[in-house]
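Quick heads-up: structures coming right below.
Consider the two complexes below, in which chain A is the common component and chain B and chain C are the respective partners.
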Partner chain A sequence: MTMSRRTTIGLLAGAAGMLAVPFGAMAEGPVYLGYQLPLTGNTAQYGQDFKTAAEIALKDFNASGKIKVPVEIIFEDSRSDAKEGVAIARKFVDDDRIVAALGDFTSTVSMAAAQVYKRAEMAQLSQTASHPDFAKISEWQFRNITTQAQEGVYNADWMNEQGLKKIAVIAEQTDWGQSVVKDFAEKVEANGGEVVFTEFFNRGLPDFRSIITKIERAKPDAIYTGFFYEDGAQFLKQMQQLNIDIPVYSTSAAYNQKLVELAGPAAEGLFLTVTFLPNSETDHVKKFVDEWKAARGGAEPGQFPAQAYDAVNIMLEAVARAYPDVSRQNVRDELAKTKDFPGVTGVTSFDENGEALKQLTKATVTGGQFVPLK
Partner chain B sequence: MSKDFIQSAGLKLAILAVLFVALPLLLVSLDKGYIYQVVMLALIFSLLAVSLQLVTGIAGLLHLGHAAFYGVGAYIAALAGADYGIGFTLGLPLAGLGAAAIAFVVALPTMRLVSIYFAVATLGIGQMIFLVLQNWVEVTKGPNGVSLFSGIDLFGYTVDSELGIYFVVATIVCISIWVIHRLSHSYYGNALRSLREDDQCADAMGINTVRLKIESFMISSFFAGIAGALWAYTTGYISPVDFDFAESILILAMVVVGGLGSIPGAIIGALLLILLPEALRGVGDMRNIIVGFVLFFSILFLPKGLFGEVPSLNFIRRQFGSAWQDNPDKQKVGWK
Partner chain C sequence: MIDPYYLQQLTIGISLGMVYALMAIGFTLIFGVLNVVNFAHGEVYTIGAFAGIMAIAAFGPPFLVIVFIVLAVGALAGFSLERVAFRPFRRFSDEASLKSRAMREATLMSSLAMSIIAREAMELLFGSEFQTIDIGYLINKPISLGPVTIVNGDIIIFVVSVLMLGGLQWLLKYSAIGLSIRAVSNNPLGAKYVGINTDRTIVLTFVIGSMMGALAGILVGLYYGAVFPSMGFIPGVKAFVAMVMGGLSSIPGAVIAALVLGVAESLSTTFVSSVWADMVAYLFLIVTLVFFPQGLFGARRERV
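On to the complex of A and B.
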């Protein structure tokens, strides 16, 4: 009898102890974030870059001791496939430990996954989703990429200052390309200029010569382009082959060292806006570039990994501000308060829709290098 | 009522019990949105694989653009819902009919083509439809895609719980697969198989081959359209890249791995290719390689598919051809 009573007490004490441990652990356990990104498939190179960038950011954050508990990121491969992206979003939402999500890479997958995050009320921060409506889906969507509403207007004003009035516009046939043309053209016309030619091309077009010939016939003062570096290099080379000397302006999407490698001398004199220059002398850019080079055997980071690095840091800052009460709602609220965040892709603030407002830098290609213009 | 009949009704009941009782119970007890998503995806792709099976496996027409008709259905449902306020009740049949109508138009000039030439023509059709979805910005909103927030409304009643949506999807997929099953396991199905084996011979026997080809192509596209509408309504956002060539190949792979000409095979193939990559998520980046190996070895060792046509026909006759089993003295060929 005594024995059994003692056992009972022991059991009770044990049970109480067991109960206490998880509660204690909950306060001290790591904070989890989800990151959905294409680690395999056609766009795997981007996803792998994001993962490296995220790991660098995470390592530094956890080493800094800003909050007492470590943060962990759970990476899931979406293959840039909406089917998988939605399933991952559901998985993250199911997991009570996860307080916010990062990703996805393409607009399609990000938009499809956003429907899940919106319903489940969990913050989603994409480093690249460029669809004009992405951040408008709900108060839970954020992105760390300059929108064309900002960049297009900036470039239109820049070209206007240079006295370029008649402008030809070409852009890839994607949601992003659509917004490149729309926002830019509206501002050009507001400035008293004229868009004399507009055409969309499908990504990966090998032959731009018919488009270039048509551009030449329209006799523009300058060409404004919405392309990524692969298409950009192809376009610039063929411009040179056809010996056409019209100044070309582009967006930060064209910014990549590979553009210069692929286009060679044809890239000389390209004007573009950038938010991230790896050869910048700023301390935090240098630190990121050095760590990236160490992780990637000397290669320089491009625009997208830099955006991912900042996106992860912005998210981690929001978690740190919300700590110790790291709930999904609090992380979202802190994310929305992000203001003048000193990122490697420029000083960043979120507007009331969750759109990133960034400082843009004018740049050009000279001697195989991207150099900022004063 | 013979013992056989009870036995065959038993399997039908078992399938229904799993789909409408056991699986929902499991889903509710787990209460994971992720599991719901994967199950619904598996259902939608089962329907896609079965609908392609009718054309490619049974009628023998290698179709490389099935995802385009899936996309047409998705776009019709999504645009009707988002721009014209036409809900699910009407949008679903519209999606199927729209896909079938487009299939009819493109079938007319291509039906005289045979074998590889037909395959290349469907490849072209698939790409054309994809590019129209991508570039006809005024109508399809182009690469911006279509957002559909309305949710499923069924005869004025809004279904918004996870379980409710599951029941809607499961019911529609079940009815659709049953229709294709009745079509392919009948004299009509035999006529389609005769096209595959030798269409000139079938022609000589008085079968209107061109008409049958067009019909099977349209029926298949109709159900692809239905699947598209289900995808649009369960995801809430669609864009052209959801329906590109890779998707057609995925559906074709389900059909081939499952077994050409076999309806249960197509379902098994769809389940395998949807569930396996999800189940292997824990493995990390290697998972696609493992899926590739599984496909490679299954084709290497089971070239007729995981559930080939002959065993599948025997199985269907034994388990589902209840009327046929009534009289054991009759010759065991044909359908009833």
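On to the complex of A and C.
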């Protein structure tokens, strides 16, 4: 019953979307984009960051005069709730003016909303949804975040170059953690190295010392880790507590200034890949960081707002290329053609699945700062 | 010669066990008097930790001053908790109400409610993430003892546990307050009939138990450098298991059970993935309930 009703609504929404195309193309009013993101609730801080980033990107784009009409973004609060996310997606696809959507924050909500965008045939670009299956849902889904399929391979090569052959791997017990281990381990073996230890832990584990002791017994040359900054800080502090000195490598998920704040000196010498560093010397990064600081009273932007900033800019570029025929289909096609986009999170292209291929940067923690390695 | 690996795991296990014991002491004390679980003990622990780190952030006092601030906050939290969640269910003093299981067990719900309210309030106030703590205050400086490494926090927690346990045993055995606590714990109605002020005794038990809970919170918070609103949940579960294994109302029993639990968890990580280490606690709980319903150290006694 519910299914059939949903299907009907989907079909209606799809039909409305198709009907909207000619009108949207002819209108001389502003071009509208939808942005669904959590503005309240537990994850509100992320959504608020995305909104600020999007506003910065939008202001610059409209000031540049690349196209004759202004672009506007309609923000809707999904509260990181899948039901809300679907409702917003329906609202966006029903709104004839909207040509494409950005968001959502979490993979769960993005994937729920993706079903609506897929049926209504409207492009959806998420700045953060990193679930392996998200971009595969249909040709309408895109993301501006690297997946472990890319980072794991990159890190395996990096460690191989450093002559690190025997590697211990630990990661959190989630879909994401599994992908950290899988893609990395395959490449290590391919490079002639050996994964001597693999273990998963529950997110939020307070005490890593038993695992660390176990890792030490396996005598690896280095440890590769799939954790976020809180677990990362605990792990690094307890490594130091146990006086164990084995180099630790990690993914961009660990990149957060809070990691250094929580772990202090224990974070020194952590190696990781990042796509965005606020202290980078590049002009466009400086410009974004300055504008962000002006909007946020001096605070530095993290990786997620930077990804949102790039996602919005990628979308705006696609709109500009599609202009004057800004239909949903055209925006999607132009989005798919994105190649070597010079974003603040690295040079970005989309592959045939809508996956972002980014240039990754090697970084380490020195003196309480994340600094790029040459 | 034992493999140093196992020695290190054993050391980690004992230090884990002491962390659980620290919480289990106050938890068991409160259970012993009322015969109901105080679900809000985990939040008293969290409040203690937050009070401590707020004091550190505000004026960076020496360690002992923090301990006293935390004890005061814990006492206040215990007093308020008793007033809000437990006292209302003792307002009828007739024999039927006093003997009623339903009246007593209603406090399970009210303490659970208080714990949810307190946790959510802290999440609204501070956010659910780890709080930043001045690294200099953390008690995790490594000390090498031959093949094993411990940290200064292990020594502090050990000393505090011993002091708590010893002090509590002395208090219960040799002081007037202790005598009335034991009397109320043994038979509240009888205690009331012989003229013991049971309300006052219960309030005092909460104050003492919560002071210990709050102190445990800040010590463990500084030990791991992890203070966040839901930090009390997992130690609360472990303390509960330790209490049941120890025989519900035996404080030394709970401490020994907590140590056994810690060592078992740490050694089990050697053989199974750490994801399963948490299962050890639940397995112990089930085995205890099935084969030793009185707990490992619980004396047989008539319940009121």
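Some notes on this structure:
Operating definition for what follows: the second predicted complex is superposed on the first by the 348 of 374 C-alpha atoms of A that agree within 3 Å, B and C clash if a C-alpha of one lies under 4 Å from a C-alpha of the other, contacts with A are read in each partner's own complex, and residues count from 1 in each chain.
In this section, contacts are C-beta pairs under 8 Å (C-beta built on N, C-alpha and C of every residue); 3 or more make two chains touch, one makes a residue touch a chain.
Remember, it's a predicted structure, so these values are computed and weren't measured experimentally.
On the shared subunit chain A, the superposed partners chain B and chain C are arranged side by side without overlap.
Once the two complexes are laid over each other on the shared chain, residue contacts for A:173 go to chain B and to chain C alike. Residue contacts after overlaying the shared chain place A:202 against chain B and chain C alike. When the two complexes are overlaid on their common chain A, residue A:131 makes contact with chain B while staying clear of chain C.
Look at A:112: by the touch rule set out above, it reaches chain B but stays clear of chain C. With the two structures overlaid on their shared chain A, chain B and chain C come no closer than 5 Å at the level of C-alpha atoms.
Counting contacts by the rule stated earlier, residues 173, 200, 202 of chain A appear in both its interface with chain B and its interface with chain C. Those residues of chain A whose C-beta lies close enough to touch chain B in the complex are 39-41, 76-77, 79, 82-84, 86-87, 90-91, 93-94, 106-108, 111-112, 114-116, 120, 131-133, 137, 173-178, 200, 202.
The part of chain B that touches chain A in the complex is made up of residues 32-34, 36-38, 41, 131, 134-135, 137, 142-145, 147, 149, 235-239, 241-242, 277-278, 281, 284-285, 287-288. Listing the residues of chain A that touch chain C in their complex gives 42, 45, 173, 199-202, 205-207, 209-211, 213-214, 217, 230, 233-234, 237-238, 240-243, 258, 261-265.
For chain C in complex with chain A, the touching residues are 5, 8-9, 12-13, 16, 123, 127-130, 132-133, 135, 138, 140, 142, 144, 149, 151, 224-226, 234, 265-266, 269-270, 273-275, 277-278.
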